[in-house]
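In the two complexes that follow, subunit A is the common piece, with subunit B as its partner first and subunit C second.
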Partner chain A sequence: MPWAVLGGVPAMTTEYRDWLDRGRTTSRVIDLIKKKSKRFRVVDVHDITAQRVRPGDRLLFINRDRTVIAVVVGKQPLVKAGARLIGAHIDTPSPQIALSRLRKKKQTTLRTYRYGGTRWHHYSHMPLALVGRVARADGREIDVELGLNDDFALYIAKTGPRLIVSVSSTPSAKWPGVSPRTLVAELHKRYGLTPVDLEAAELFLVPKHKAREVGFGGELIGAHGQDDRANSYAAWRAVVDLTDTPRATAMAWLVDREEEGSSHAAGAQSRFLEMVYAWLIRAQNKPATEANVARAFARSVALSADTPAAMNPNWLQVHEEKNAPVLGNGPALFPHTGRGGKKGGSQAHAELIASVVDSFKRTKAPLQFGELGKVDEGGGGTIAKYLAERGMDVVDVGVAVISMHSPMEISAKIDIWSAYLGFREWFKQ
Partner chain B sequence: MMRALALALFGTLLGGATVAATPTANAQVGVRARDYKTFLDQGSTARRAIIVANGWAKKAGFRIVDLDKRASCRSFSPGDKLIFIWQRRTAMYVRVGKQSIAKGATYVGAHVDAPALRLTAAPFGKNKRGWAQLTSYRYGGIKQFHYHNRALKLVGTVTRRDGSRVAIELGPKQGFSFVVSPEVPWKPPERKPGEPPKPLPARIKLIGATSGKTPAASTKLIHDVLLKQFKVRPRDIASAEIYAVPSMPARDVGLSRKMIGSHGQDDRSLSFAALRGLLEMKRTPNHTAAALLVDREETGSRGRTGAKAPVFEHVVACLARGEGKKKVDAIVQRSLSRSIALSTDVKSAINPNWPEVQEHKNAPRMGKGPTLVKFTGHGGKRNASDANPGLSRWVRTIAARAKVPLQRSETGKVDQGGGGTIAKFMARRGMNVIDVGVPLLSMHAPMEIVNKQDLSWCVDLFKAFYRAGPPKKR
Partner chain C sequence: MVLSLAFATAHAQPAPVSKEPVSKKPVSKKPPASAKPGAKPKPVKKPELFPKRVTGWQAVKAAQLPAIKTFASDYLRYLADAKTPRRAVGGLVKLFKGSARQLKSTKRLDHAPGARYWFRHPGGDAAAFVTVGKRPIEEGARIIIAAVDAPRIDLKQRPVYSKVGLTMLDTRLYGRLDLKSWLSRPLALYMYAKRRGRDLDLSVGDRATDPVLVIPDLLPHLSRKIQKKAIVDKPERMDALAARSRKALLTYLRGKGVSETVFRTAEASLVPAGKPSFIGVDRAMVAGYGHSQRALAFAAVRGLIDAPKTKTPHHTAIVLVISKSQVGYTGSTGLAFVKTAMSRIIGVMASRGDKTDLLGVRRIYSKSAALIAANRRGTPNKGLVLNPRVDDALPGALRRVLNAFRAAGAQYQIISSSGWGSKARTLSTMDMDAVDVGLPITGRGTPMELLSTLDLHQARRALATWLMSK
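Moving on to the complex of A and B:
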């Protein structure tokens, strides 16, 4: 009975909520991982001097503060046994600030565009905060935030073709001799940033509210950013908690830019994964040739862990009742991704599915089967296809959420816990 | 002087001041804003707002008069501070004046209810597939989609079978929230680009549990929580009044922290100001002064606690009796027709993101002071109490004396926007009434926005209004 294994749920919930509250941007998630992966050594993938790794070594590869690969080196060499990899993304949809107008001194409203499939009206009448990263003119990059942990919030009072955020109470900047508080001024005061610095910035608007428990008895978690910080959390925690050295190398591959099509130097399409494979092969004293990397890929198996939309009781008509995952029944496994024919085939092999099912069964963690309903507005998808392109055998499995892409996505605690248990067991096999 | 002060205050409001604001004025705005946020956070329903208001009034020396007992309307004298309550949801706070009540009184009326989701009489469905759901409907004019995907709490009152009452609050205090989650991204309701989504035809359902259980188990979960926390049985919910309101607290908004964002500011902002002005008034006024905090405005002021109910008549009769008067009915009529009143409700300010729905010359702006509305109403501005110019002048005079800047406005463009207030129900009683409002953004949304300075000016204005009483010549 799955409910019997709930022992670790409260502790995990606390950590997971903290993960969501602090990891508001990709680079902050990376910071969290760096801080919390205690026994892991950060490795520069470009450093190819004679480094050696032994089974059981714990490594972190970080790409541009945007992608991280957490590795536990297995007993068998990578070329021979491949890796067991779980891929997830750590970016999430939210409005992003348009920078072109940001330099105006008197500006008290901000224009935004969508990062990922967000809906404007979800963000209106909601206290918002600004988070992001600015590359200063001198080259240093700093994390900025405004309103997140302050006693004030920003807001949007209308939705329309373009989301406009009001940051100050000035009805207009026409008052003679009065300069309203502007974003530029506030960022200058707080971080010493100049308008020139702000030319190179990546600023998101996120809901100010923190992750919280939802429903009678609080079985659910409501928060922004659970797509896909839910699965990336479970995958990362599973790798960190591997106590014994697994047979095959275990990897949690957490990428950025999934919501924008993964085409970025830190996205799933980036060759960073190849570089990490090559680095590991070389460190295991094998020639890092293209053939060896390809061989290692072909022998690897992967889970693409992304959030499918769970059955929404208020919106049953859009679901296929029998195939839609249900909150609280465990992560959902999707044997067919529905994109199989399109991108080189990510139809999972029966052996891989069996290994996943087996892992969950052994830990008594619930798992459910579904059909991937996540065909996003404008066409999205998971990162499964990018793994499949590399010749890996891959299957989609992930914690389901309702209200996907909204400022308040909802997942079930038991599903997060279950994903963690199942992933950890799967790495061990 | 007034101009200088107003300028100074504008300066602060806008962040970078040209003229330094007086520190006392600034501190007062801050203190009032702080108390106001407490009022919003604790008074999330009409009942709760009245409880908070009573607490403050009692601290200031007010006492409750039981209207049901004839004996309690006895021997009032000038300076008495009285509270009259209806059904725990509507209350009038009275400072007995030096003049007889027959000479008229000064009223400031505001409503303490606010639009929100409300649970139906039988909110527990069959919990198909194990979802623990609650069904709700709209109290007042809300847009359903505003309530999607945000944390809500349940607040209200249940009357148990044995007649005992229990206040319910389920939410952050227990460590969890409720959410309405009606939309999934890949299949939006059909709509034109830029148009907000249509509200769903179905009832709004809050999501209360995971679905990986049997329906019976999830039903039991709800019942257990209610029984354990509040000793309420499911059947008791039929005699309950429970609202689902945003669980976020009132908070400062904007980089200069000059605004407050919260649910329920329509019209708890002016309920607060009406009461606060009365409590801050030190000396006994010449004419009796009263703040009315009334329920049920958002659903048409009907019901025993609405502005249509004979609230004024009862209070005035009681006060007349308290003076030892005999022909009470005649005095009530005379008193009301000699009274002046402010009907105070929030007014939509020019929204920087939505300027086209307002006629800019006739719409209030945030931070420029309370706004005087001669006529409310909709369409061609019908169904409104159109105030007479004499009262309009009197209020302007009072405002000028109190150094409060006053804007002038209508409620929305002619034939487009509009709205009603409780003014017409006061006017019907022969009271000389005019609308005054505080500019507000995002009316009826889960997060409405008010400027702190505007609110503080409202308190100043009401205080001066109570003190001034009716004009000598009418």
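Moving on to the complex of A and C:
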């Protein structure tokens, strides 16, 4: 009875909307996971003192507050049976603030650049908030936010190669008795930050609006960041809700920097996964040799859970109507990705596709097949190829959205619910 | 005979501005140097031809900041509920009617100077707000005209259709929209219909628990070819996602009393969801939907309301709030309302002889002067925008306006960018001195326009003084 765990679509919606509203940055999502993954032990992957794990143990490996691997140790040792891994990303495209101007005393406007596939016109003329993380001069890192819960917002008026964001327009320190009101002054007031502290920071501009129900009937959710906080939510929740110990070790790897190509210490190309495999192999009393890790990888299978594009009724001609996903028909399984002759994509083996289809069928969760747009219309990539590179069999499957990479990405609740059920069932196999 | 003589002299003389009280605190002039005994008499300083001007926020004193912010907060509160022309007018009526009475009959008013009255077009999207002046209406009126409609996305008469598993609402654009900025953001549905003689006023999307509608954009992965030239190549792409199931949509609407027949007769439109907001850590700007002229309409009506009881306007002060500015001011509540409202005002205020005499009525027009809100480009924080190149106002008419602004100590900017569509010219053909006036607004036609609280403050002072001016 899966309802016993997450309590059905309405309960999931509440939790998911909260996940979107509070998890505005990667590090905030990690915070949420730490708080909400009850019965999970946070483990330092560098801690190689004699630790042992038993089947059923629940572990969280966190790297740099940006990526997390949630593990439920299986009945079979990792080297023997491999793992069942779902990879998803928790970063999302949005404008990022250029740090160059923060040192200036007068900051009427700031420059921004794009993080990931952000589109200029989406963020202009909209109330925005600033969220991010600052590494202070003393080395401590703190999360900051400005405008999200205030009576003011930030605003991008001029678009172009660089977005210019208005932060203040009154001449600072002009009036006696009135403290200067610039961005840095405000950050100083709230967090004690100085321009030196702000030299090392990642500051994003996100839409101020929260996740909303879209349309009548309560079937759709619109929010910023569902690519890919939708699938990462479903994957994480599926691991957390595994009630019985699975045969093979279950893992959900939530990565950062997918929108920037995954080449990052917290991205899917990092060797963090190898470290965790090695740690687990050692903890299961086997030598953590390179050969053993490679063997474990070769016996692992993975799902790359990322958001495909559901058909947009206003732009139907970019889709191939017979094969493109429809919003609300379940998560979409992509047997292949890539562009043109499937270049740069991954092509899944039929055995793995069958196992995914079986899992969804067994739990009566809808699943559909799909592809991204017409051939040669464009294309995109997922982290599938970085998982495959390690010798794992991998297939792309994920909750589809409309208006991807925009401040209001739209998903269907039933798709997220179905992904959760299907992922959970797949872990159990 | 006497009257027609007065008519002639009014035209022969320049606008009576010379007696205008000067600003309480002159900005440029220094106090005369104190004469020390025995010191040489200083040569008389020639007036500086180009005095150093302090503009924008530099000219604002710290003590003024709270008032600027309070007024902006009031405006935001008004704007939050002014999403449609009908509601925008309704909001102003609500503000005004506390201190005024509604004009219901066409009988002559027993008008004491300082008395206030208002009336609304039966269509709901236009209204007149009047403060009776010291001088009889025969000596003309001071008028401000501002439209309160804004670009929006209307629904077609049979809007519901289904495609690829989704239920959509077919739309038709109203006004000049910056289409791309309306994509992929929360929108609210506002609907007004008459059902069995009753008002059916529906809004969905502005309460936190409401669903919102979205016009979905294409993802960048598939946009390279089709959105290369323009993000939105045709307005047909602006249909809104309304539900997954058609049944859910129709059930919801039926629950609110909206059948498909009602839908067909309704004024239904999509506007940006969400409240207007202060912008910037200093809260010095405000962003909201439909600033362009609603800000001026609000400032003008507040100008009437905020005038102290002791300060009766010299001439009768009139604020006419109209609509249809986005479609060329046509329709009964467009510029036509200026004529109908003026006829009504003259009808209840003028003496019997004058209101029946065409020449009498024309004379009232010719002695009146109007400011009409216009969309103008300008620099933020530099005050109201005047563009004589476009409205082609006569110097005398412009001088009268500028002197009122100067008397108010309000900043203004004179620009000369090219443009069309001056409604001041149209008003001038009614034999009225008319000048276009605008606010420097950024992002016109987008769902969230930007306005400086300082400019709003300047507008309020300038317009209030104009309404009181001789």
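Just so it is clear, the second predicted complex is superposed on the first by the 392 of 429 C-alpha atoms of A that agree within 3 Å, B and C clash if a C-alpha of one lies under 4 Å from a C-alpha of the other, contacts with A are read in each partner's own complex, and residues count from 1 in each chain.
By our rule, a residue touches a chain if its C-beta (ideal position, glycine included) is under 8 Å from a C-beta of that chain, and two chains touch if they have at least 3 such contacts.
Nothing here was measured: the structure is a model prediction, and the numbers come from that model.
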Three-chain arrangement built on subunit A, subunit B and subunit C clash or fit: clash
Touching partner for A:Pro366 - first (subunit B), second (subunit C), both, neither: first
Touched partner set for A:Leu99, first subunit B, second subunit C, both or neither: neither
Contacts of A:Val326 with subunit B and subunit C, given as first, second, both or neither: both
Partner chain in contact with A:Ala294 - subunit B first, subunit C second, else both or neither: neither
Touched partner set for A:Ala265, first subunit B, second subunit C, both or neither: neither
Which superposed partner A:Gly222 touches (first subunit B, second subunit C, both, neither): both
Touched partner set for A:Asn314, first subunit B, second subunit C, both or neither: both
Overlap of subunit C and subunit B interfaces on subunit A (superposed complexes): 117, 119, 121-122, 124-127, 146, 151-155, 157, 166-171, 175-178, 181-183, 185-186, 208-209, 212-220, 222, 309, 311-315, 318, 326-329, 373, 377, 402-408, 410, 412
Subunit A - residues contacting subunit C, complex: 117, 119, 121-122, 124-127, 146, 151-155, 157, 166-171, 174-178, 181-183, 185-186, 207-210, 212-220, 222, 309, 311-319, 321, 326-329, 372-373, 377-380, 402-410, 412
Subunit B contact footprint on subunit A (complex, rising order): 108-109, 117, 119, 121-122, 124-127, 146, 151-161, 164, 166-172, 175-183, 185-186, 208-209, 212-220, 222, 309, 311-315, 318, 326-330, 366, 373-377, 402-408, 410, 412, 414
Residue numbers on subunit C that touch subunit A, as the complex places them: 57-58, 61-62, 65, 163-168, 178, 180-181, 183-186, 208, 210-226, 231, 236-239, 241-245, 247-249, 251-253, 273-274, 277-285, 287, 380-381, 442-443, 446-450, 452
Residues of subunit B that touch subunit A when the two form their complex: 10-11, 13-18, 128-133, 145-146, 148-151, 170, 172, 174-188, 193-194, 196-197, 200, 202, 204-205, 207-213, 221-222, 225, 248, 251-259, 261, 349-354, 365-368, 441-442, 445-447, 449, 451
